[in-house]
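One chain, subunit A, links the two complexes that follow: it is found with subunit B in the first and with subunit C in the second.
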Partner chain A sequence: MGGVGRPHHSQQAMHTKRRYSDLIPALIFLLPGLVLFALFFLGPMLYSLRISFFEWKIVHPDRSVFVGFENYQRALSDSIFQRAILNTFAYTVITVTAKMILGLGVALLLNQHMPGRTFFRLAYYLPVITSWVIVSLLFEYMFNGQAGLVNYILKDILRLIPKDVLWFADPILTLVPIILLDIWKGIGWAAIIFLAGLQAIPAELYEAARVDGADSLAQLRYITWPLLGPTTVFLVVVLVIGGLNAYVPFQLMTNGGDPMDLTHSVLTLMYEATFGRIDFGYGAAISYLLTVFVFIISLIELRLMRQQAA
Partner chain B sequence: MDRTSQRNLGTLLRIVILILGLGFVLLPIWYMVVTSFKPQTMIFELPPRLWPQIWTLKNYIAAFGKDHFGLYFLNSSKVAIASTLLTVLISSMLAFVFARLRFPGKETLFYIFLLGMMVPPVMLIIPQFIVAKWLSLFNHLGLILVYTTMNISMQTFLLRGVFENVPRDLEEAALIDGAGPWTIFWSIILPLSWPGVSVVIINTFLYSWEEFAWANVAIKNASQRTLPIGIALFQSEHLTEWGQVFAASLVALVPVLVIFIIFQRHFVQGISTTGLKG
Partner chain C sequence: MKTNRFVWMLISLLIVSATVLAACAPSAAPTEAPVAEATDVATEAPTEAPAEAPTEASAPVALQYWHTHSDPETAQLDQVIAAFEDANPGITVETSRYAYNDYKTALLTAISGGEVPDVARLDIAWVSEFADQGALVQLDGNLPDFDNIIKDTFPGPLSTNYWNGHYYGLPLDTNTQVLLWNKDVFEKAGISAPPATMEEFAAVACTVNRSAAETRYGYAQGGTYFWAPAPIFYAMGGKVTDEQITTATDYVNGPESVAAFTMLKDLYDQGCMSPNLLGGGIATDAGHAEDTYAMIIDGPWMVDIYKNNYPDFEVNFAPIPTGPDGTTSSVVGGENVVVLEGTANQEAAMKWAAYLLTPEAQKMMASVGQMPTLASLAGDPAMPPYFAVFQEQLKTAQARVPHPKWSDMDNAINNAYQRMLNGDQTPQEALDQAAEEINALLQ
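So, the complex of A and B:
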């Protein structure tokens, strides 16, 4: 945007004059947002950094003991934390990949005039607007070990498994419903964002390509894919951040780490350390480790994608 | 085969694939619907049925009779509506500053606001808990303020993209007529950005309606609980009463559905105007 020349001198003069008088209205417009942001975001972030270097006493903060990097060291050498990282990482890689591919597929299918388009769009978006708490419970019920719908389909209809699987008794199998839930819930969102990206591509490009004799595969390869670049970057970054921050499905479907603390995500572990064991310093250290990690990953992603686009 | 029939075949194929995909998407939701109408004795029936033998409304009556879901519903509505209005107002004011006004340090400030998109909300729970304790905000106001804050960054980012796409000609005319920044913001920019604002409304309402982690630590008083907390607690207390859990869940889904249907008309167009487009 921007860079549009002002045609008339009189308007340019007005603009220069305006430049100096903007500070006061800007401050007034910024004020409510700034106050909230400082109070509930920036302040808490800095405070959390401080807590992470202490053995924090929530009732008597003044009696907290400074311990340097001990909370961080404890976290990094804790096998439960390492397992939580592994779980979170596997979850993120699998779900983001699946949602990108399936989302793009749905968007391509929907990006054309056909009967029932609005209906399909709404229907595919339905899982997105259901709440995490509700669908976590729903998947827990569907993957129930005894009369669960999924076991019934796999065992009695498809005959893929000889006997009922106890999904939530095994630390690896537990991840299956959690991952499937995220994919199921996220396809619609990825599809809508892709669809918006697709609709921003000028139709003339496709017409020109058609005149030149390009088939639909060539059009996808040489027009759609490169022009979707920024949309793809945005989606990957946002989905990866979301994946690494997974909390509700892990919390509700594993009751916070069952069995044997092997199924934590980083944030359920943080939550348990903080509000279960009242170990605020340790919890804050874990969340800072995660934040720094998310930050670095996002920067790498942005750089990689920009290189690819160039 | 000529071109037209080839194209018709293509469309037919698309629709078939979309319908197959729809089975995967809608099966869980359908299963939730039928379970909410099954009597308790049929919850663990074998084989599980996608069409109940007996339909009953008992779960709905029970859920709303005994477990205060009506109250939680009201609490959630109050919190979600207030958070949405506040977020729309504050984010659009911020976005207006970043899209239109000039002052030193603007870019830096914008990037500081963007930090909010990267930091996990759950990570802030510990210090927010301390701030809320300090300000006695373990109540609905605390939820509203935190939800608004957690949404500000993303929604400001979206709206800035929208506002930048509003042509400047109208403002220039208004400026000459002596209009101030508030008039330009309120009477020109906002009305012209309706599709983008719809996206913000959907995003924030959804977030505030379903937020779990913060509400779970901030609300101690049972009468102030929001729906997600109420439903999760109910399930952990009555492990096998899935019919009632899903009855409450489906009712909880209605407002989100209504909001989405009202504002979805502008949804795809709105996303395109937010600058996320390709």
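So, the complex of A and C:
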């Protein structure tokens, strides 16, 4: 529906009646979607908003105690929650940056006319479709502190470290396998989106540039990069939202916050509060705080991107 | 034009109503169910059940039973169910099996959705938590013959069903942790017997370590969650709170508790205890069988685990070494069977729960490593021989704090343990902080 143009004022009066009656079938067609949206998204969302203001009793909701913003205050003053926010932000910034840069590089390579192009496209996309659970466990084995492949390479082959590193015993080092996994798994997707953007750029532009004597670096700087603008905006927004919602690798590799609740992502903390400690009000409050963060960050991103484009 | 548009509108309306109806039909049920059922059960169940009971014998009842049994246990459970169904025509038991880590979530989801199983097997540490939420049916006064059934059960496991003046479950199976010692590694180090005291334990842990050419640890713990150090903690006289569960001050940070954690911290610092407990290392069960860990502390299920994964490995059990006052102790584990609030088949559910406590059912499950909770079965020739050491250990084993906030208390001690292992705090400082955190939970 995005392509509907805005009619001029003079035409508007003439068209109002017809457009209004046009709207009814459109609305009717939209209705099933809207009903499903209301039932499965809006409804639960509003319900959990309500939960977030209560000390919620899961079996007897009628016995829940209204506590106002207490759950939110508790979360904001909770050092574990603050750490989870920090972890999530660090994870998002690092993985999104890395996936964008490496994804663009891979897309540029895959866009070349070279033998085995299909094979490479498939190979780079393969990690994207593998199961999060399986590769999380695989990375956990590779980074095992006493019998892992990574320690073996670092210590016994490269001799970079004097003794085994216990990756999962340190709250900062734990993030290394988590971040590497996400980058490895996400490059392919970013590359495919970039590739689609690259192929939409008319070849004539490059030909004209070549005639004018632009080298390939200049072509990248003055043709490819500006014309990939919308693709880049799309990728950043989607990847950042995905990053802030990180859950599976954190849950599997840290068992939800190990060690010492210092490695939570916002969602693993939400899960633990809700299902581990049966504190549904607190869990709902955390998920709403995350929603607000995601919303604000997305707004800022879109604003920045629009400024850049203008 | 006009008729054309009218036809289109009619068609679209038809499509919409069809999809909306189709979409609504299944979805309306779950969203409405909790409200409708909650009131139904509350008002109708008590009045209906006794009235219909005599005539209901003909109406078949299908009970939902949820559990987290292992493969061999599940196979044996089917036999128990068959025996129960033979004895109680008209009642069938349908089981759902869950992984332990997903179980709490699955139960909570079912409870909040109003579609509860009738009966469930629950970790003993969870019963007070679920009872506090109002999710469990009080059994004293509701389960026929309740007093007779509990008369024969061990008091420790039974006590884990008690919350706020009532019983919300029956002790289904029990277990505790004992010492496992790797005979080969011991013999290579010139040691012939497992340590009897904590002093010997610490000495052996370091001896075995030093005498080995390859990386080897005298002792390994599965993690820093309370269950792992609990046997040593209790054997050395440690306590989490007072008996009345009013304070942790001078208990979790009392001299005995501090001494227990200090010993573990020293073993870790000297390289006698494996660093795997901090996460991301070799698992205790595999490490023990592969001679990396000379000693671990674990439960009766290890027999079956080793039978499957390391059939040639000789499992050797010994009691937990004694603390300074000369007594051993350990931690009580196990499961209880509970009836869930909201069941439509309370009477049949009670029958099934009671049946699981009969000597026949308990004996059948004992053959796959589930230790019975009935005192009358202790020493029964039908019991596997390796139960003896566990049954002896159970006499002194202690239950964790039966409190709805236990998960948080566990977490407080877990984090304190991590802080001292990392050297951020001394054991005394770390446990002082844990005491404060636990006291806050008891307010």
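Criterion: the second predicted complex is superposed on the first by the 279 of 310 C-alpha atoms of A that agree within 3 Å, B and C clash if a C-alpha of one lies under 4 Å from a C-alpha of the other, contacts with A are read in each partner's own complex, and residues count from 1 in each chain.
Operating definition for what follows: a residue touches a chain if its C-beta (ideal position, glycine included) is under 8 Å from a C-beta of that chain, and two chains touch if they have at least 3 such contacts.
Quantities reported herein were computed from a predicted structural model and do not represent experimental measurements.
Engineer: Please work out whether A:I187 is in contact with subunit B alone, subunit C alone, both, or neither, and reply first, second, both or neither.
Structural biologist: first
Engineer: Counting only touches as set out at the top, which of subunit B and subunit C does A:F29 meet: first, second, both, neither?
Structural biologist: Both partners, subunit B and subunit C.
Engineer: Which partner does A:T95 contact after superposing on A: first (subunit B), second (subunit C), both, neither?
Structural biologist: Once the two structures are laid over each other on A, A:T95 reaches no partner at all.
Engineer: I'd like to know which partner A:N71 touches here: subunit B for first, subunit C for second, both or neither.
Structural biologist: A:N71: touches no partner chain.
Engineer: Can you tell me whether subunit B or subunit C touches more residues on subunit A?
Structural biologist: Comparing subunit B with subunit C, the partner touching more subunit A residues is B.
Engineer: Determine, under the contact definition given at the top, whether A:N87 touches first (subunit B), second (subunit C), both, or neither.
Structural biologist: Neither partner.
Engineer: Using the touch definition from the top, say if A:F275 reaches subunit B (first), subunit C (second), both or neither.
Structural biologist: In the superposed model, A:F275 contacts both subunit B and subunit C.
Engineer: Does the superposition put A:G145 against subunit B (first), subunit C (second), both, or neither?
Structural biologist: second
Engineer: Applying the document's definition of touch, where does A:L109 land relative to subunit B and subunit C: first, second, both, or neither?
Structural biologist: In the superposed model, A:L109 contacts subunit B only, not subunit C.
Engineer: In the superposed arrangement, which partner chain does A:P259 touch: subunit B (first), subunit C (second), both, or neither?
Structural biologist: second
Engineer: Do subunit B and subunit C land on any of the same subunit A residues, and which?
Structural biologist: 25, 29, 32, 36, 39-40, 43, 58, 144, 146-148, 275
Engineer: Okay, in this complex, where on subunit A does subunit B touch?
Structural biologist: Interface residues on subunit A, with respect to subunit B: 1-2, 4, 11, 14, 18-19, 22-23, 25-26, 29-30, 32-33, 36-37, 39-45, 47-48, 51, 58, 106, 109-110, 112, 114-116, 120-127, 129-135, 137-139, 141-142, 144, 146-149, 152, 156, 184, 187-188, 192-193, 195-201, 227-231, 234, 241, 244-245, 247-248, 252, 267, 270-271, 274-275, 280, 283-284, 287-288, 290-291, 294-295, 298.
Engineer: Under the touch definition given earlier, write down the residues of subunit A that touch subunit C in their complex.
Structural biologist: So the residues of subunit A touching subunit C come out as 21, 24-25, 28-29, 31-32, 35-36, 39-40, 43, 57-60, 63, 140, 143-148, 166-169, 174, 254-255, 258-261, 275-278.
Engineer: Would you pull the subunit C residues touching subunit A in the complex into a rising list?
Structural biologist: Subunit C residues touching subunit A: 5, 8-9, 12-13, 15-16, 19-20, 23-24, 27, 31, 38, 104-105, 108, 111-112, 129, 133-135, 215, 224, 274-276, 278-282, 341-342, 407-408, 411, 414-415, 418-419, 422.
Engineer: Under the touch definition given earlier, write down the residues of subunit B that touch subunit A in their complex.
Structural biologist: 11, 14-15, 17-18, 21-22, 24-26, 28-29, 31-32, 35, 44-48, 89-91, 93-94, 96-97, 101-103, 106, 109, 112-113, 115-128, 130-131, 145-146, 148-150, 152-153, 156, 164-165, 168, 172, 175-176, 180-182, 185, 206, 209-210, 212-213, 217, 227-228, 231-232, 235, 242, 245-246, 249, 252-253, 256-257, 260-261, 264, 267-268, 271-272, 276-278
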